[in-house]
Amino acid sequence: MGKRVAIVGTGQTKASSGRKDVNGQEMINEAVMKALAEAELTRDDIDAVIIGNMDHFEGINYVDTWSVDGSGGFMKPIMKVTTGGTTGTTVAMAAYYHVASGLFDKVLAIGWEKNSESDTTGAIITAFEPIVDRPTFGGAVGGLAVMANRYMHDWGATQEDAARVAVRDRQHALNNPNAHLRIDINIDDVMKSPMISWPIKYLDMCPRTDAACAVIFASEDYAEKICPKPAWVLGTTNRHNFTFIGDPSFRTMITLEECAKALYPRIGITEPLKQFDVMELYLPSSFAGVQWIEALGLCKNGGGPELIASGATNMGGECPINPSGGVLSSNPIGATGLLRVAEGALQIMGRADKRQVPGAKTALSSGFGGCYWSDLMAFSAKKPN
Amino acid sequence: MEDVKKKELLSVYSGEAEQPFEWSAGKYVSRFLVEMRDNKRLVGCKCPKCKKVLVPPRRVCGECFVQMDEIVTLSGEGSLYSFTVLNFGFVDPDTGIQRPVPYTCANIALDGTDCTWAHYLEETDPAKIKIGMRLRPVWEENRRGHLLDIKHFVPVEGK
Amino acid sequence: MTDWIEQTEDMVYKGRIKVPYTWWVGETGSHFFTTLRDEKKLLGTYCAKCDMVFIPPRKNCGRCFNQDLTWKEVADEGTLVTYTVPAYEADIHPIKPPFAYGIIKLDGADTGLTHIVTGFGDGQLKAGLRVKAVFKEDRDGHILDIRHFQPV
Amino acid sequence: MDKVGIVGVGQTKYERKKVGETFFDMIYEVTVKALDDAGLTIDDIDNVITVSNDFWDGRTISSMAVQDACGSRHKDISTVEGDGVYGAFYGAMRVLSGSFGTTLVVAHNKCSQSRMNQITNAMFDPIYTRALGLDAITSSAMQARAYMDAFGITAEQFARVSVKNHKNAKNNPLAQIALDLTVEDVLKSRLLADPLRLLDASPITDGAAAVIWANEAAARKAKKAPVWMKGVGHMSDAYHLGDRDLARSPALVGAAGKAYAMAGIDDPLKQLDVAEIYDAFSYMELMWYEGLGFCPEGGGGKLMDAGVTQMGGDLPVNPSGGCLSANAVLVAGLARLIECVLQVRGEAAGRQVKDCSTALAHGINGPCGQSHCVMVMGK
């Protein structure tokens, strides 16, 4: 049977709107050097590298072979995995399975994006079927907006409900020196920000970001030797169920609900709000921040606004969501999912500094992308049985 | 390294290059496009197992993993499942130029189908668009077997 | 029920992906390109641990991850390592045939620079041929500020 | 290590242009074929790995095109963007992790839909190299030249690879180009980029392929005996062409070394019964002979001349016809692996290698074989 796996080190660059001072490989290397430093490892210690991004954001084909000067893949096993927005979590899962298979002991996962190098929405449009979907698709913002609009219609949720998430994540980001947007805003600011795709306003939406993230996964044979408090991977699962834009219903975030229902029983979760100490979720818009926590079982469908308003998901609440500031504060797309993983692991490792949730022992990270797809990875301070 | 920080920061521009593609529509989407072009008609396909009708037509029912062979003609009318009005411009990858704003993207539940289908609405004022409203397609005069053989959807009069 | 499949004409959609890119060269690369542009000089970066001079320049050594590389000027002249002469035209080519691609080990560098070679006679191209960079008149900080290499 | 083996395989016919088929259609075809081959249903599949490339497909998130076609709904799924052997390797890892009993691995490409020059030009660094206009042909031609110069390998020796593989393809009903050629024919074919000619190069191909991995318990349910993964390794060389010694393939030596160590192979020429290796251009097969340890460094041409890798030789290479006879990029690696499975099973019909129990599959990523993956399969 497979090996147990833990995260033993993470590194991330300071996120920003444009890293003109470094090229892609150099930015990747910054994150890799930080992860190696945190784990007190060198390039020689790494058994394999996994990397991902979205090809058409930087126009780089075969990022695995292109990246080796920065990623450390020279004369090492390296593989590219990519699934769109979920790339970062996909990379993390690939690293997890590399180690769990027993074939590699110390594996470096890298996600990165330089969204400043192209028109992000133009590139996102190309994710969809070219003949029957692409000509009328409104990009990620449009896709999230139609879901948000239906959610308001079905449950009577309001733009103010969503604005609370926009404020929460930006307030949290003030504690995170790596965040791209560190802005002290209130609900009024969100409501008054320009409407970009009804009902999503400028401050309801994630930014375009340049950043890289690197995470080191190690087998049970090495994890505790490398890291005093490794973040053990309790379990991971994903659902990428849909092919065409119109296929999913917006009854809830279906794929996320399915992931939770698959994962929770395997890892002993029955009351997620109580049992998880912290969550780092890929919530690309404030509306997603209200609705998708319902799919995760934190409350019943339609109960998102009330749970958000209660403060339970704020720092100091029952289950803080996105202490890092989340995707609304930094969105380097190919790295975004891996940042959720890294931030979840940092909480368990007790290395989250000002954004630390005291005593966090169980964490959940999620990824989002593609055609309303979801990924989940759960962490524990305790070595799994 | 010495001196590098004092200098200007350069970039390399890809220029106006484009990558051309010839995407096969396949039999299912070809039928869909031909019906639009020749008959101003929308069609879906029906799963022999779960009996659901999906649009655009595709070879396999994702839920049942069986081949769908039956083409179903739709009325073209439907009700609005959800929508958004986009106010920000971006480079359309198919044209290389910015799409004009505002425009309205809609998920439409076409009558007789079990999913939604995405297209444009003519109306761009969110206050005048109601989820659930009845919609019909407005066809182009000169059709070429393209998604935009339908210009956009408009409300069905009196409904 | 599947007769329609045979009867349906095969539609093909001729489309494209046209997304413009602006690639940030970074501080290290910008120093290389501004020096090339302003002084017609080629700079490599030296890793003392690996004792290697890399061109194109690197901010870090890809082999040992040494972050403290130093600049080292290399010659605009060197030795052809390998080459090919494309026998077809393609819109990706910056110039019309005849021309060659070559990997050139510039004097003072330990890695080769891939570039274009022209001005060679029949049978002249071979490994070991000495070639020299020809710079463009109007340079704007780009790899094609070297117009091409040609035999010395 | 637990065991993981292939219990089902499926491929489309490889063709120049499948004008009536989408990625979705092709993936459905090969998924059904692989399930039928294994005697399993989609419910027996625990998770899926897809293999595709966003540049070739003209679609970022190219995997989205095939989700429903590979029956992945309600299942875990991921995507490898690289050669099919890498995708297969990741699929095997997911079984070895203990999380899944089976993995379906599918790969697709329609090279006819895009322009090869542009797509492969995007392999090169946009800051220092891309504007020069290199593509897969010109970069490989430089490697071929470096290899000839380093070891005195000749164009005739390259041509013999083309003659052999195109002839082998005559026994493979799925191959795209099956030809009776002479060395002269190859040497007289149209020059692409000196020293490479048209018949030294693989064709533009549309196609798809699928394999199903299973652990020991899940394999019992399948109708055919599994072909087990005995060893595997992958490794990348440096990126910039000028950083590498293009005449040698140290990354392949490393990847093969790892796979051989796992499989207990110390004399590959003797212990392997057949090899399917990535001959996107004729010269590559000879270079990879060396990297794979079939002969000493520089001995690829002589090994070819000696007939060792011909059908009936000590180690037949590319009985399927190789990439030279059909090269749906990325799919090609999975096709190599599938041929190994068919050979070990004894199902390779007219191209069957006698008494075949151990086979090697090989795939590459990046320009000029920068990254290699080697997999040893056996009974």
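Letters are used for the chains, namely A, B, C and D, taken in the order the chains are written, and counting of residues starts over at 1 for each.
Assume contacts are C-beta pairs under 8 Å (C-beta built on N, C-alpha and C of every residue); 3 or more make two chains touch, one makes a residue touch a chain.
Quick caveat, the model's predicted, so the values are computed rather than measured.
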Intersection of contact partners for chain C and chain D: A, B
Interface ranked first by C-beta contact pairs: A-D
Separation of mean Cα positions, chain B and chain A [Å, integer]: 28
Chain A and chain D: spacing of chain centres that average the CA atoms, whole Å: 33
Separation of chain B from chain D, taking each centre as the mean of its C-alpha atoms, in whole Å: 37
Distance between chain centroids, defined by C-alpha means - chain B, chain C (Å): 41
In chain D, residues with contacts to at least two other chains: 19-20, 24, 55, 58, 67-69, 73, 118-119, 125-127, 131, 238-239
Touching two or more other chains - residue numbers and ranges from chain A: 20-21, 23, 56, 58-59, 68-69, 74, 119, 122-123, 126, 130-131, 134, 241-243
Numbers and ranges of chain C residues touching at least 2 other chains: 10-13, 15, 17, 19-29, 59, 62-63, 142
Complex interface listing, chain A residues touching chain B: 20-21, 59, 119-123, 125-126, 130-139, 141-142, 145-150, 153, 194-200, 241-247, 249-250
Residue numbers on chain A that touch chain D, as the complex places them: 1-3, 23, 52, 54-62, 64-69, 73-84, 90, 93-94, 96-98, 100-103, 123-124, 126-130, 237-243, 258, 369-371
Interfacial residue positions of chain C with respect to chain B in the complex: 1-2, 4-5, 8-31, 33-34, 45, 59, 68-71, 141-142
Chain A contact footprint on chain C (complex, rising order): 11, 13, 15, 17, 19-29, 58-60, 62-65, 67
Contact set on chain A toward chain C in their complex: 18-24, 26, 29, 33, 36, 42-43, 56, 58-59, 68-70, 72, 74, 114, 116-119, 122-123, 126, 130-131, 134
